[in-house]
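The following pair of complexes shares a single chain, subunit A, combined with subunit B in the former and subunit C in the latter.
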Partner chain A sequence: MEITRTNITYQKIRSKISPRLALAAGLVALFVAVPLIYIFVRAITAEPEAWTRLFQERIWKLFANTLGLVLAVTAGAMLTGVTMAFLTERTDLPGAKIFRWMLAMPLAIPAYIGGIVHLALLRPRGGVIPKLLEDIFGQPVFTPSPLGFGGAAFILTLFMFPYVYLLSGAAFRTLHASLEEASRVFGRTPLQTLFQVTLPALRPGLTAGALLVALDILAEYGTVALLRYETFSSAIFVQLSGRYDRSAASVLSGILVVLAIGILWSELRLQGRARFTQMESNWRPAPLMMLGKWRIPAFLLVLGVVSASLLLPVGVLLVWSIQASLDPDTMRTLFSTGSQGFGNYIWNSLWSSSMAAFIAVVLSLPVGLLSVRYPNQVTKFISRLCQVGYAIPGVVIALSLVLLVNRFLPFLYATPFVVVIAFVLRHMPQAVRASESALNQLSPSLEEASRVMGRTSFQTLFQVTLPLILPGLLAGGSLVFLTSLKELPATLLLRPAGFDTLAVRVWVWAGEGFYFQAAPAALLLVLVSALPLSFLLRREQIFK
Partner chain B sequence: MTTLEVRNLAKRFNGSPNAAVNDISFELSDNEILALVGPSGCGKTTTLRLIAGLERPDAGSIRLNRILVASEAVFVPPEQRGVGMIFQDHALFPHLTVFDNVAFGLSGKTTAEVRTRVGEMLHMVGLLSHSKRYPHELSGGERQRVALARALTPRPVLVLMDEPFSSLDADLRAGVREHVRGILKSMQATVVFVTHDQEEALYMGDRLAVLKKGELEQIGTPEEIFHESNTRFVAEFMGHSDFLKGKVTRDGIQTAIGLVRQIVDLPLSTAVEIAIRADDIDFHVDGSGNALIIDRFFRGAFNLYRLRLDTGQVIHAINPHTNILPVGTRVQAFVSAEHSLTVFTQ
Partner chain C sequence: MQTSKKLFILLFLMALSVSACGGAATEPVGEEQATEAAPSTEVSSEAEVSGDLVIYSGRSEPLIQPVLDAFKAKYPNVNILLKAGSNSELANALIEEKANPQADVFITTELLTVQSLTSEGVFQSYAPAGVENIPAEFVGEGNAWTGLTKRARVIIYNKDLVAEDEAPASIFDLTDSKWQGQIAAAGSTNGGMQAQVAAMQQLLGDEATEEWLNGLIANDVTFFGGHTDVRKAVGAGEFKIGLVNHYYYHLQLAEGSNVGVIYPDQGEGQVGLFTNATAAAVVNGSKNPAAAQAFLDFLISEEGQKLFAEQNYEYPLLAGVPIKEGVQPLDNFRLADVDVVKAAANFDVMFDLIERVGLP
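Moving on to the complex of A and B:
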């Protein structure tokens, strides 16, 4: 490896940032930003009467409905998530190890599928439980209705709390025992310590989690539509599919996105500062709190949450699926509806979600490389821009793509690729975050060592960087796959005729009241989601 | 022959008011080990990274084997410079075995050639039996040796070492250091070695370059640096010197502990300071002496005493006497050095 005059090339002094990388990241940011900007343009240029009409009658009610639900579910998810995390991580709760998994698994169940099950059980007229009670007591018995605000808040809390559970569980885990010991030595009781030291120390991480839950609720369509509670998302969906009023839909979308971006902005600001706590080399776990006589009530509480969010939905789907398989008529429709069959739904779900995951990860790479290796204001902005997908609900992405594709890329219109593009746009942030965190954990000296030993920057990327961050990229990909699989509103609005995924079929069949027919598809959707989810959970702090 | 030539090198990082490296020049001959030493933030690591091509200089030039590799106008990327480098965290590739790590720098060789060369190097560092292991399965000292083998395998024109022993435990460090210097010398490697540890610099370097705030304070052999410090900073940093105040007289320098018979080329009664180390001062018990013992530190082979002179100045002295003198004993201190001392004007 002698240095001689013949084997060296002088490079022009250039800015440190590689222009190829900056160009790639810039194009990705543009790709992500265009649909967002287009919605604003359409909202602002909508006919003035669309604005006045909406402001006169609907918007205030939608505002109140949406914000009410966001607040209720966020609070509910925080309360449930932190309580569950405290019980499984910090007390001698019986079965804590199994509960840890069961409390995280509802992430594999789309909220609307949970909603379908609870609705079938509790429906005021004809629900399984009211009927059963009426048979027993001989007269109608009051049961809480799952419809409307209360029901929507309850169902969404049940299927959103695992996000908070995982975050707070990890925080409880990594919190240094000496912090609480210090509080005790200074004369605080265990309960005072919990509220004055432990929970405040977890606050930044939990706030970030709460904001992500809030964004998810803003975007939620399936559950609120099912339980007939009107929010911005469902109103936009109705404007788009039923009345086909694109102006009104644009105006509503513009307002919704402004709301969501406000929340996302706070969340991004918390990022990075999200942790007071950290695993130090002298870390040791805090001692478990003895529940004593509260052991049984605590056990029942956790069991209740797990039942409502996991055991009941999966159990009911299982029973329905068995019933469906015993009925030849249902089986026939299941395996061939027109020219399509069950196999097609599975295949469509799998390929569209996998393709979205692959594209999102590939696109996230230049963005991650740029923002991690060359941190400055501009690259940070690009990275944040690529995370706006969090703040653009599925219905809004659908609207934007319908308008954009119709106008500029008509050959793409009514092809499954538009659905894939929607998945990529919506779930890109998860890939960007995964790539950035993987790159952050990679010591730059590894890449430098490779350069010094004669590899170009391109060779270094493929021989050193990519092999080392592969697990992180796979995690990002799994996350995109998982959330794309569950995605409902964008798929419903953008799919070409005959492009049915598992999620779409479950929704359509359940909407028509064919629960037995919907059950096998729903169960399969849950099972397929459970696979990448368990891979992801194994990487989480609390399952190590 | 000159392997490395650094001329007026300068580098300032974005957002920093001070230059990380400011107008540094030096040369390095074949088979020479140069230790760059200085406190943290003195620019030694930046200098190393500039030589490797991991940073671009703002001004100045770097030549390797007389070929210009960096200047205001040109820049050769690191992969074409043909240098070897050992990183502070070793930077072993966790996804490659020991063998593949060491072979990483070899390109354009047949499989047989690679196997022979890597085998040779692993044998030399005593890790041939570990060639199929992964870095996480090695101890700290073993990782250190793999990093050394990896850097030397492609026969680099120059080996750069960035605090390579800092991640090792103190008890391990001395042994590894000896071993590494032996290997470098037997391979006739030309080396730039960065450390913040004076003792390590004195041990490893054929020559030392002392840096302070991005500037080169002094470059020379370990003996020159230690005994003939150019600046007060070098004397203080390299040898834990005390600075004894004095005045120039016709016969030498008059200090609080007597006349130092050393003629200096300064006008009479100039106020000066003499850089003096604990082993240059001795004392004996004397009830009417000029100093008081205020502290004693047991250092194994000897005792280090802290003395307060009647002028109020505090100095250190080594006393080999086996009988221990209690704090508060009055003593007569005097300069016992037989070599000339470094004198600075005040």
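Moving on to the complex of A and C:
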């Protein structure tokens, strides 16, 4: 990612930390930490019977299932992501420019929506493709099943690899030509250079991408439930809709949280050791590799990935939506099913996600200011704490909020605000990281000048700092908006009656087997997500 | 040139497969706005009932929607807020919310959940108008809940793939290896399936039930989240046989599939047909009891019961409301004799069993 950052000048530790700022950041950290601590307490204080029952029967299988999927998808996403980034950034692949954009777009498609489409296409016996093949060949032809471990790993890889692709693509672009040239001069073949020099230099970007993927898989509910592969997340959901006892769900959540923090911690260790420095001066891009006779296979490979992860899902949703709109019965259900109309779902999705984005950005400010302007162990810890939310699956946050809010803030219970709070808790890390990186790029001397000129710290914040870091904050907000829009498990558990979002509608309709009704909502969800995503991609200069 | 040609072929293939995702499939929903029944003996006049009515429904949304629409047409001032989910998910929410009630009405697809929630004190007693015409065994003690409709657990089969005399006549035939990989059923989160397991535990004991469940799993039965998937998969010939509630057979038949139905276990010494009932109750602490009561009145009124019978092919509990033509009367069958109160008390044992065998 950012291989060069010399911000020695920004790291001047000023003598006094503003108590107001410290208080604000502390409160934010507390807000984030309370649900976590609560679920831990519930897990530990659960009846021993729940523990023994779970340990005897379920946990080991869930452990193996979950870790297996995390490893498989992370590996798959790394392989796909790096290959795609390499082909589009460093070779003379035909259509590289448009592919660069198309390979990032699957981020706008929630994996469970992709799963619904692939399931309809590939379902053993009943899917479109097996049937087509049967018609052509006159007998059943074996097709890979999208169900179970293999299917879940395949589909999640398809919709997760863009994380790795984006991060390694950025790294490929910024990597200095001289690094690889030196390697060649010392007698390494191009292939050796790739594996011994280029890829290791990409490590920071790759670990960041792998981390995102791994945590997302831990948190994933919709896809694994759809494809009937049991992980901790889906098991918690089943527990919540099973017996009248929350302790088993708390126990599973507690274990899942430990697992997630473990992954987060190992990433910190990995990131901490690797350092790659290159000089900003006389940077020039590495030359493109000529693919030669491999041009066509490479093109087909990229086209295949783009088709499976973007063109097919969007195309199928489009066809379904058209079919839905041609059928008056379906149309009527579409506009009246549930208790509210279609416009209502759109509005709910938009306002709850925007509100979450706004709150997350506002809350991330004191944390970012504190950790960037006064870096020390304590402020770093606060910043880290605010980022733990990413490692906590939506279903755990929802469970914790159900228990907490109902107990201590009953007036908030069953209001849409609880859904918004869950979005904020879950996606705050993106806002914190964006705020920190924006503040890092802003020299404190500007703020100091403002203070010298007699402005108060508040005036400085609003008149100097905020206007300057606004683009960075917007980027953070867009990320939170984008991910909140797609959020499923927390919304499912926390929504009050009558409050449905697009994501929930897609899930409910598809869950009932009504794919045509689900399609327009899914398509709309994808389109709405594509907007902030394009904004982010443009900002990251993906379209050049 | 070559590239563009290949690209063209690929795009063409893709277009082909996409356009093949056809097959219009929609639920019959609220066709005719139910004929206005004669004004019944409602206590509160229709205009007076107003405000938000929060309904937690374990019945899936498409199946309850026509009834909600008809109620709404009758009480235009009521704003219905629906939260549909699985029975036990909503039951959990109701228990969680006991001190801070959110829902006004709870609708469920089987009696065990309402029965156990009654013992948790979640409901308030209400005797809807006309409850005396509902069989007493389908009304909760102290009018805590009111039964709405009955349904039977049947076997649906695809007639193109299975001959009529070959179709399994007992649910225990589903563990026969000749059907290996050919059966679909609803999984452990489905209320209908949960209730059947609990009923079997009561009548046949834990061991036999466990053996049956293990047999299903060993026979590679595919477990879906709900019955709509099951009936569609059987209708499409993905599976030869499915275990569903009887009306899913009729819904699939109405979509034009060549499917047949077996009301199982009628032979000498066999357990009999498993049936269950849907029920509704007014939640304790309801913020809009007037609307909740009007809704329950409506559900067991002739108009409401007709909707269930006509739209969903269910067996109405209200005496005198006819079943839809083509639905086989339950009088023709020997029913499994399940004691709901006892089965509800052992709900936890059922969950233990489901977890033990690892029912998906």
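The definition used in the following text is that the second predicted complex is superposed on the first by the 509 of 544 C-alpha atoms of A that agree within 3 Å, B and C clash if a C-alpha of one lies under 4 Å from a C-alpha of the other, contacts with A are read in each partner's own complex, and residues count from 1 in each chain.
One rule holds for everything that comes next: a residue touches a chain if its C-beta (ideal position, glycine included) is under 8 Å from a C-beta of that chain, and two chains touch if they have at least 3 such contacts.
Here the structure is a predicted model, which is why all the values come from computation and not from measurement.
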Inset, instruction - Figure out whether A:Q323 sits in contact with subunit B (first) or subunit C (second), or with both, or with neither. - result: second
Inset, instruction - Classify the contacts of A:E230 with the two partner chains as first (subunit B alone), second (subunit C alone), both, or neither. - result: second
Inset, instruction - Between subunit B and subunit C, point out the one touching more subunit A residues. - result: C
Inset, instruction - For A:R451, decide between first (touching subunit B), second (touching subunit C), both and neither. - result: first
Inset, instruction - Based on the superposed arrangement, let me know which partner A:L439 touches: subunit B (first), subunit C (second), both, or neither? - result: neither
Inset, instruction - Kindly classify A:P496 by the partners it touches after superposition: subunit B alone (first), subunit C alone (second), both, or neither? - result: second
Inset, instruction - Report for A:V32: first if it touches subunit B alone, second if subunit C alone, otherwise both or neither. - result: neither
Inset, instruction - Have a look at where A:I109 lands relative to subunit B and subunit C in the superposition and call it first, second, both or neither. - result: neither
Legend entry - Common ground on subunit A, meaning residues reached by subunit C in one complex and by subunit B in the other: none
Inset, instruction - Would you tell me which residues of subunit B are touching subunit A in their complex? - result: 52-54, 56, 64-65, 67, 69, 72-85, 87-89, 91, 93-95, 104-105, 107, 150, 154-157, 160
Inset, instruction - Spell out the part of subunit A that touches subunit B in their complex, as residue ranges. - result: 1-5, 7-13, 16, 443, 445-446, 448-457, 464, 467-468
Inset, instruction - Report the residues of subunit A in contact with subunit C in the complex, numbered from low to high. - result: 53, 57-58, 61, 94, 120-121, 123-126, 128-129, 131-132, 225, 228, 230, 238, 240-244, 246, 296, 299-300, 303, 307, 311-312, 315-316, 319-320, 323, 327, 329-330, 332-333, 336-339, 402-403, 406, 410, 413-414, 492, 495-498, 508, 511-514, 516-517
Inset, instruction - Would you tell me which residues of subunit C are touching subunit A in their complex? - result: 2-3, 6-7, 10, 14-22, 24-30, 52, 54-56, 60-62, 65, 68-69, 79-86, 88-89, 91-92, 95-97, 99-100, 102-103, 116, 120, 188-189, 223, 225-226, 228-229, 232-233, 236-239, 347-348, 351-352, 354-356, 358, 360
